[in-house]
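In the two assemblies presented below, chain A is common to both, partnered first by chain B and then by chain C.
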Partner chain A sequence: MAEIIVNGHKISWKEGMTVQDVLDAMKYTFKLIIVKVNGELVKREMYGSYSVPDNADVEVNHLISGG
Partner chain B sequence: MNVQELKAKHKLLKEFSYPHKELFRGYTDKVLYINMDTNEVKEKAVPAAMKEKFIGGKGYGLRLLWDGTRPDTKWNDNDNEIIISPGPISGITQYAGSGKSLVVSISPLTDIVIDSNVGGYFGPFLKFSGFDALEIQGKAKNDVIIVIDGINHKISIEEAPGEEIDSHIIAEQLTEMYSETSDPRDMKNVSVISAGMAAQNTLIGLLNFSWYDIKRKKCRLKQAGRGGIGTVLRDKKIKAVVVKVPGISQDPNHVADMEPIKERGARFAREMKELDAQQCRMKQEGTAHLVNVMNDYDLLPTHNFKFGSHKEADKIHSRVWNSKFTQGMNDGCWIGCTMNCCKGVDDFELKTGPYKGHKVIVDGPEYETAAGVGSNIGIFNPEAIIELNFYCDTYGIDTISFGTLVAFAMECYEKGIINKERTGGLELNFGNIDASLELIHQMARGEGFGKIAGLGVRKMKNYFAEHYGADINFMNDIGMENKGLEYSQYVSKESLAQQGGYAMTNKGPQHDEAWLIFMDMVSNRIPTFENKAEALHYFPMFRTWFGLMGLCKLPWNDVEPESNALEAEPNKVPEHVDNYVTIYNAVTGSNIDKHELIRQSERVYNFQRTFNIRRGYGLRKHDAQPYRAAGPVTAEEYLSRQELYDKQMKELIGVDPKEKTVEEKVAITRKYRENRYEQLLDAVYKRRGWTPNGVPTLEHMRDLGMDLPEVVEVLKKHL
Partner chain C sequence: MTDKLSRSVVAVAGCGGIGSNAAVSLVRAGIGELIIADMDIIEASNLNRQYFFADEIGLKKVFTLKSRLNSINQDCRITAYNVEIVREDVKKLFGAADILIEAFDNAESKQWLIEEWASLYPDRPVVSGNGLSGYGNFESIKIRRSGNIYFCGDGTSELADGLCSARVAIISNIQANLAIELLMKIKEAAV
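Coming up: the complex of A and B.
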């Protein structure tokens, strides 16, 4: 099965999957995040169009808020 | 009674004139000392060594409290003090969040030092009146107010029999009474500290710090909420402390160099203008923007921290608070704050209690309140949350402690440990709005079950064990307190680092030392014990620094520059850290760097740890956490996250969950998690320069320049 790794967790991958699809799949709704796909920074305005390749390592760094 | 009639009833007990000293680079180097036993009022000079090592704010509070009390001073002894110190940066108006004060006292809940960070205008006005700190000791015989007249440079202590106790009234009464005229531009030059009726009848009392909102023509309130300092104020029979100033100039701190402060302030204002709407929406929602986020990530405490989300949480979603808050107003709790996150609900009509039918302004709810008196006690009705918020504030009690202790009582009620007979008729099921409101009114009246609940979670646990034969082990597992202070409102079960961020704090489990849940649990940025220990060193030290300076934490990381994504350590928000270093140097004329910033905090942080040790606390055993903070206590909780816990059991613990009962799985998970927490303590203590028992080593204190004789004397007994 095609997979990607998001913050160390394996999830299934689909053809054409965008960063926004990954965020939705992970239920990541927090806005103060930094997304990197295979080490490459993805700008916020690209989340809906940036395609995540199969086997990608996706980092979604949630910055500190709250407190 | 109008304010002239109220004032006519005042009896002057003491008047003290002082030579006014202008601030120079953020300091006057003077402390105002007031003894309520003797009505002594005097100025104390700040020694150079105190300024160098303790900096200001919480540092000054700790130094003065150590010197003013004995190791066995209790919260209600005459020698306990309340110290209010803003810090050197407090009072600048060119950078957001620069009007804070730190309040320090011996806590009625914890029997150790409590420190609480608060906005409102009092702290800056205290500085403008000529003092770096206010130190109050002793107890008055009758109800008094203290007036700091920064216009005529006089201090007075006045018996004040007529004024109300509850904050939303007394703040208005005294602002009107001591304003030079009724012109709002003069009214804004007065600030009042007060508590409330429940502060004097519980141990969870808070201090309200007021400011006059010119547009609304009303007093607003911000809270020094944690640890019961309002209870100490009322124990001293102080109704209020008033400060008045002639006005607010552009540079009252007489800073060393204004230009860098203005430049950083303008840069920050641009970030707010351009980025806030797509980031945290602080201007529209304040910290309440987090309610639905926490629910989405299974971190919103519901039903006494049993669960992290709830099917009704949408009813208290941030968009609901957005619609309740009055929009388009300047809502900063200090002048010049461009974050403007201090939201308010205007013309809220109260439905219960002594002010039923009154239309009032309610400051908040902030996230902690929405979660504390909302989801954690099973209430998802915004109107009820606003009403509880209002009464907590005006009665002078902490919404966080109130929420957590009601949640505990509700779980005990549903478990049959207490019942209607024991609560005096209150049906304390989760979600019971009427019972929650009646409980808070009982606290204000000092009646019924409100008196027991108002003792806080730790004392309630012992009361239930002693009087009702409750299982103390179970209550220790579910009673969400550490060091005697109630937990603030985040579920830490799945974040080991946050468990340390709560239970390893100096004052008790407040989130203002380290909030690492996302970094740890969600982003997986600090996977090893060493990583977590580094975070539990850096962030508590960095955040201690706000309390030395008179700064608000929120502008540090609730909006972040676009370039932050390119930083090597974006969680630290390096550009904002550089703002703070620059501003500190520009205010004081110093030349520190980001490393010395941490060292400044380390000195004070380790002194506070030593202070706790001096009082018989501050050791490893005092950093123990209730198991609910670490994992599922009950089968119900385990089953709510069974898939996750079973997976962890198989992959991390190496046990196949298939053949195990739920009870066995709870026990296996517990053993594993408790062991992990002990390993975390070892790693963090080592990183902080402490022994395995949590005692700062003499070498570390020498390295910090904090090997003061009185400190060494305390530590040596434990090394």
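Coming up: the complex of A and C.
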């Protein structure tokens, strides 16, 4: 079965899956994040168009106000 | 160590709780050049955690901090920008730096600053403050690494928990400490 890893968790992968689809599948509620796919940064404006390949390693780090 | 750090340039984006405290430690450590940027003036509410004093209320943060930092180490070359930092200016303001300390207060700005820096300079580290509210709970503080992006903090505490000097200073100094460690590696590799 086609899978990707998101923050260490395996989820199933579908052809054409975008970063936004991955975030939706993970039910992440936080809006402000830094996303990398196989170590490559994906900017916020690309979430809806960037295709995540099969077997990808996706990192999602969420950002918190305060400084 | 001092020799390597004296050849280093660090940019600090934001001169509030994180930025002012991190800058002090970097200058004490002997960083050769510091770039600081912030648009705010010093307010009474800042004094509970930021490296400012009551008689400085109403003054511009960057220029006041530059003066304090040069009182610590007059040899540190400090460029101070009293500007609103916007995405389009990241290269112009901070492009000379080996490392960026992300010291903004709100998460929206942290996001575009980290994205912009990591896109422009994928080989240069950015050290971000991420979750430093509240008090105590020391065990929750971590450094999480994603390539050359480093997130320092507990990763969870929200502003509603309030900002307290001790915890803000711990995390800003973790950022400064990490920046020093990374600079030593960068400068060693460059020899």
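The criterion applied here is as follows: the second predicted complex is superposed on the first by the 64 of 67 C-alpha atoms of A that agree within 3 Å, B and C clash if a C-alpha of one lies under 4 Å from a C-alpha of the other, contacts with A are read in each partner's own complex, and residues count from 1 in each chain.
Heads up, the rule we're going with is that a contact is a pair of C-beta atoms (placed from the backbone, for glycine too) under 8 Å apart; a residue touches a chain by one contact, two chains touch by 3 or more.
All of these numbers come straight from a predicted model, not from anything done at the bench.
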> Residues of chain A touched: more by chain B or chain C?
Replying inline: B
> A:L63 contacts which: chain B (first), chain C (second), both, neither?
Replying inline: both
>> By the touch definition at the top of the document, which applies to A:K27: first (chain B), second (chain C), both, or neither?
In response: first
>> By the touch definition at the top of the document, which applies to A:G39: first (chain B), second (chain C), both, or neither?
In response: second
>> Once chain A of both complexes is superposed, is A:I11 in touch with chain B (first), chain C (second), both, or neither?
In response: neither
>> On chain A, which stretch or stretches are contacted by chain B in one complex as well as by chain C in the other?
In response: 32, 34, 41, 43-44, 59, 61-67
> Along chain A, where are the residues that touch chain C in the complex?
Replying inline: 32-34, 36, 39, 41, 43-44, 59, 61-67
>> Going by the contact rule set out above, which residues of chain B touch chain A in the complex?
In response: 278-280, 287, 290, 292-294, 296-297, 367, 490, 511-512, 514-519, 522-525, 527, 539, 553, 557-558, 560, 564-566, 570-571, 573
>> Give the list of chain C residues in touch with chain A in this complex.
In response: 14, 16-19, 103-108, 110-112, 114-115, 118-119, 122, 128-133, 144, 146-147, 149, 151, 153, 155-159, 163
> Hey, which residues of chain A end up touching chain B in the complex?
Replying inline: 7-8, 27-32, 34, 41, 43-44, 59-67
